[in-house]
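Two complexes come next, and they have one chain in common, chain A, joined by chain B in the first and chain C in the second.
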Partner chain A sequence: MSSASFERGYHAFKEQIDSSVAAYFQSCVSCGMCAEACLFYTETNNPEYTPIYKLEPLRKVWEQEYTLWGWLKSSIGLSRKLNDDDLKQWQHYIYDSCTLCGRCSMVCPVGNDIVSMIRKAREGMVAAGHAPEGQIGASKRAVTIGSPMGVKLPALQAQVRHIEKDTGLTIPFDTEGADYMVLLSSMEIMNFPEYLEAIARIMKQAGKTWTLSSQAFEATNSGIQIGSTDIARELVSRVVNAAESLKVKTVISPECGHAYTAIRWEGPNLMGRSFDFKVKHIVEVLDELRAQGLLKTEGFEEQRLTFHDPCQLVRRGGVVQQPRNLMNMISEDFVEMPDAGMMNWCCGGGGGAAAIEEAEELRTQAFMCKKNQLDEVKADALVTACANCRIVMEEGLEAYDMDIPILGLTELLAEHLVEEN
Partner chain B sequence: MSQKTIGASLRSQGISRRGFLKFCAATASMLALPPAVIPQIAHALENAKRQSVIWLSFQECTGCTESLTRSHAPTLENLVFDLLSLDYHHTLQAASGDAAEHARELAMEANKGEYLLIVDGSIPTANKGYSTIAGISNIDMFHEVAKDAKAIVAVGTCAAYGGLPKAEPNPTGAVSVEDLITDKPVINVPGCPPIPMVITGIVAHFLTFNTLPELDSLKRPLSFYGQNIHDRCYRRPFYERAQFAETFDDEGAKKGWCLYKLGCKGPTTYNACATAKWNEGVSFPIEAGHGCIGCSEPDFWDAGSFYKALSVPLSGTAQAAGYAVAAGAAMGVAAGAMNMAKRNSARKTHETVSIDDLEREQS
Partner chain C sequence: MNYAEFLIWVRGDAFHWSLAIFIFGVTLRLLEIILIGRKANLAEKRGSGVAGGIRTIFTRFMPNQAVLPRVMHTLVAGYVFHIGFFIVLLFFAPHVALFEAAFGFGWPALPNGVIDFATIMAILGLIAVLINRLRNPVQRMLTGFGDWVAWFVTLLPLVTGFMAFHHLVEPYPLMLALHILSVELLLIVFPFTKLMHTFTLFLARYYTGENAGHRGVEI
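Up next, the complex of A and B:
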């Protein structure tokens, strides 16, 4: 059995440094704007949480391996080589204090995609054995059991039976040629089964065929979060194979931001080819149904609602207007929080960070950011479209004794569906 | 064909004496000659035999010929063909194939030692096969025709200084006319393309005085290339007041301010664009809103970005600095290749990470 080692990690760093990484490090002017964009810095004022500083190990490898000055400096002893203690120390910066939310990449005045480099740096950390325990566990469960939370097919089938009994609707498995193949995140299966019920009702009203796959129902990609291309590819290929063998037209990524990024954006690159099907986030699909007149709702929420934008949806996917179209269908008093849309602040626990137990205190501190946004709009309830954001924010609200319920957008819409006879 | 005098030829084509004198006056003023020589020009031209010209096109884009056909000045387009007997020009002549080559041989024979050779395009030396006409390589044809020519006019920057084909890395080993000729007068008429009036003006000078015009150190006629564009530019007052356009669409650009900061090479470029202008005197690049790119100067392609402001004249120091930059760039490319090799080898030796590899071995 092979195992992680510093050498493997160093090797992986070398592999990851391509022309864009080199150009990014070369262009960084140390302006510090990325710090102001990162909630781990703004809520702690700790300069060590400056996004570009979190990349110091990768930068060091770039400088010493790929630049003349760096090579000279390290060969005459002016700069120290990267060592295992550095990586051990940086685990906190690269995992605990980064949710891959991408806000830093948006503000960089020289156009450096900083978050893409954190993603790359994680490849080295994984190979060196410096990934957080929580994420290692999640990855192992994802590969062996099929879900990072250890949810097996029988657990899903039990939930499905429960929903079918309650609603009288059928939830199809492995239907060939369906319009949509619906993916779920473990969190939805265990904590928010309302999501699946909502899908069943909405699809029925819209007259679309859909299916779950018994081979691949889990959308969460722990490989992306921990930062291992090899594991990510294994996980994404399960979904791709299932979708292609069922010959579905579209795969719907669930209310989960990073799952969407994993299959929609990283997926084809991991597989090295384009897919035979389309990939859409559930919010994109719902807005399409709305535009086609296939999503009919009645009544309005009277309470004041606000919407939390999942980072991957707005910043990776550009899905900004769609959830607002849907919110306006069912809300009379919809208010936008400050920085809503493209630059909305992260929940504080995405990109696998929520799985890191030892970082809980830091997460709570970073949640001050969302708390301030919520205090400003004084909403009665918070709506979002990511189960992970939802869990993280529920924990955050609890930590600050805030009594604001969080709702999933899909289930909220389903509650207002026009009842058919 | 070349037996008729120019005067007879013009009259047979219905060109009036008045029109002819206007042309002579314009020629005199273009060549910066005193008005007293106008009758001399008229007399000379009227009685001169039409000058036999052989025009050879090598590695070029035909832009110089295009420029010539757009010549204006007193019905110059007609007159140039009446001043000259253009015996060979493979773009403009009607004959083709053997007949065309035969015409060239006849003209060379009949006007031995008297014909004018005009060349556009650079001449490849790395391999004879890079550019041939009728199966004859450029360099062979050039030497054959140049041998008995009275003088050689290198039209366009390619013929004069090598131009674009000679730009780094010069894959064809392109050289200019001057590089190959040491025993004959050579006149350079650079520009990409040159102003048509300059081409005809030089020919008129040659016919009138039977001498070559005065040339500068780069063998350019001083009458056209004696002053730089900047000194004659209508935007010069803005330069003096330090009013510069900073971008191509800012207020300064709209107000017609100086384009120096946008990379205009007017201050280091010697040509007549600012005075003679183009398209019947309508405009020239700076008037159209774009800086001069310095196309009549040697190696203008390799002198850095067209949009980089000049800070120093393109003199020796700049050239040394240029070489230093080029050397740096070459080292950069080499380092880049090494880095890519390093990364690729790292990728080739990638060890797949499985879930069994996520932790260190317990020791």
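Up next, the complex of A and C:
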């Protein structure tokens, strides 16, 4: 990121454009429906937050570099060329006001996958040096320290010792040939160690072998969020190398949305090859164990629960039914928020947005959509399967003086495990 | 040049040239898209990309329920225009005769009363589209010069056709010539504006649906 320049950014935009991007820009009829799907527009009524408008820089590059008509227009001075000030201005649109949630891509009548283009546009922004400080910091820490929050192996080992002492269970490191290699997000290590404890107990009950890797325990991928293929590839390759050297059958992406997208969908494309192991989200694994009768629970939560679908899990990952199967195992009063499932509203802080300090006010404003959803169902507690959603929503609830606890689905299931003592 | 000669020119040279520009332009624009290419998706698939792509071509004709109340105006205006326009274009008896002459096969035409109604539907739809575009701050911001041009050249053939059919302007050969001329204007402008969405939306939907289908996402 040190040698960033407008020219490098322009070149990166150009590199990112493929047939799909060209078809999308050519097809857009400026109907504005994408705005109506975007929480940053619906909660602010600011037209500048219209998803397709956030892509103006990329559109300009496409028009001038990939169409004869656009080239002619700019040659005779009918259209203005992209410049560095444009990119400076667009940083707010491309990062602060987009969580890569993908609702826009669901509603476009000509079928444009708008969010996929935002992801691509970020590559150009990084190369041009117009990425947010907060995300640059997180990416640097991820590359140099191994975690966007700066969590190192000793911190994880300390948490592991605590959990082992509390539960009497063993948390294995670097076990070759295990059924599962479990990844974590820094957020889980620091704020929600209950997750790791829950995994240990569930795996024991299911009779599955599993392991952590001392080489690669961090699943979140700041490279995907900021939009840097180089960083994303480096972070994914650590996981791939660890999984392949340990010869595990499946890598489990933690309760995190973007980590799943990073490893499951972008990972092989970043590495340029398919993997020797499978990649599954923890919710997929838990639902498989349930279906095989290996996940046995007892008792029901009496309080009214609702489930927040992480964007990357539903719209970008196709994991919709699994968490509902699991919720029904342990909840008597499970209610769905309006738009739950495929069209669930984003927490407001995905795609790295939560790391952008200067966008906090906007995030709080956008959280109104989640507040409205919650007000509708009057749940006693909110369950989710993404540690980032969880943190962002905790902040949002606090900002609006809402007293609703948020629970991780995995730890909630573990609380109801049938265990032999 | 008298009216008859004007009509002959409009039907002859002018028509052939504008059609040539249309065909060349559309082909160029489609090639500009397709020739860039796409990288293969190496992620292990959970569903069929091809099936997802084909499915999405059809499913996107229907609005997404979650935003429906917020986009009702745009949606209704758009549908009223498109349906009216295609009925007139494809099922007015003289149009069918023209297609038959060009392709060697035709299809049954609709009664003139239906065509009349469809024309008015299309014109009112376009007017509603324009009102939305002027009132809705998002659409107004997104709309560029080319979009206004596209709107205008789409409206012209509908209005001139309606006027010719009802003999609102005499002599008839002049009005008919003006109608054909307006269609030629549409053909020439078409490849260089968002009117291209007529063809490219199928590509866009396929690409999006293919990626989603590969991931096992039902969109």
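Some notes on this structure:
In this section, the second predicted complex is superposed on the first by the 419 of 421 C-alpha atoms of A that agree within 3 Å, B and C clash if a C-alpha of one lies under 4 Å from a C-alpha of the other, contacts with A are read in each partner's own complex, and residues count from 1 in each chain.
Just so it is clear, a contact is a pair of C-beta atoms (placed from the backbone, for glycine too) under 8 Å apart; a residue touches a chain by one contact, two chains touch by 3 or more.
All values reported here derive from a predicted model rather than from experimental measurement.
Superposition of the two structures on chain A leads chain B and chain C into a clash. Contact with neither chain B nor chain C is seen for A:M402 once the two complexes are overlaid on the shared chain.
Look at A:I145: by the touch rule set out above, it reaches neither chain B nor chain C. Residue contacts after overlaying the shared chain place A:R8 against chain B, while chain C stays out of touching range.
Contacts of A:Y66 after superposition on the shared chain: both chain B and chain C are touched. In the overlay built on the shared chain, the residue A:V335 is in contact with neither chain B nor chain C. When the two complexes are overlaid on their common chain A, residue A:Y24 makes contact with chain C while staying clear of chain B. In the superposition on chain A, contact of A:I231 is made with chain B only, not with chain C.
When the two complexes are overlaid on their common chain A, residue A:I136 makes contact with chain B while staying clear of chain C.
When the two structures are aligned on the shared chain, A:A155 is found in touch with neither chain B nor chain C.
More chain A residues lie in contact with C than with the other chain of the pair chain B and chain C. Here chain B runs into chain C after the superposition, and of 187-195, 259-267 or 295-303 the stretch doing so is 259-267. Comparing the two complexes, residues 17-18, 22, 66, 68 of chain A contact chain B in one case and chain C in the other.
Residues 17-20, 22-24, 26-33, 35-37, 41-42, 45, 47-48, 50, 52-53, 66-69, 103, 105-113, 116, 264-269, 271-275, 278-279, 314-318, 339, 342-343 of chain A are the ones that touch chain C when the two sit in their complex. The touching residues of chain A, counted against chain B in their complex, run 1-5, 8, 11-12, 14-15, 17-18, 22, 65-66, 68, 126-127, 129, 131, 136, 139-140, 143-144, 226, 228-231. Considering their complex, residues 335, 339, 342-343, 346-347, 349-361 of chain B touch chain A. Chain C makes touch with chain A in their complex at residues 28-29, 32-39, 41-44, 46-47, 56-57, 60, 63-67, 70-71, 74-75, 78, 136-144, 147, 192, 194, 196-197, 200-201, 203-209, 211-212, 215-219.
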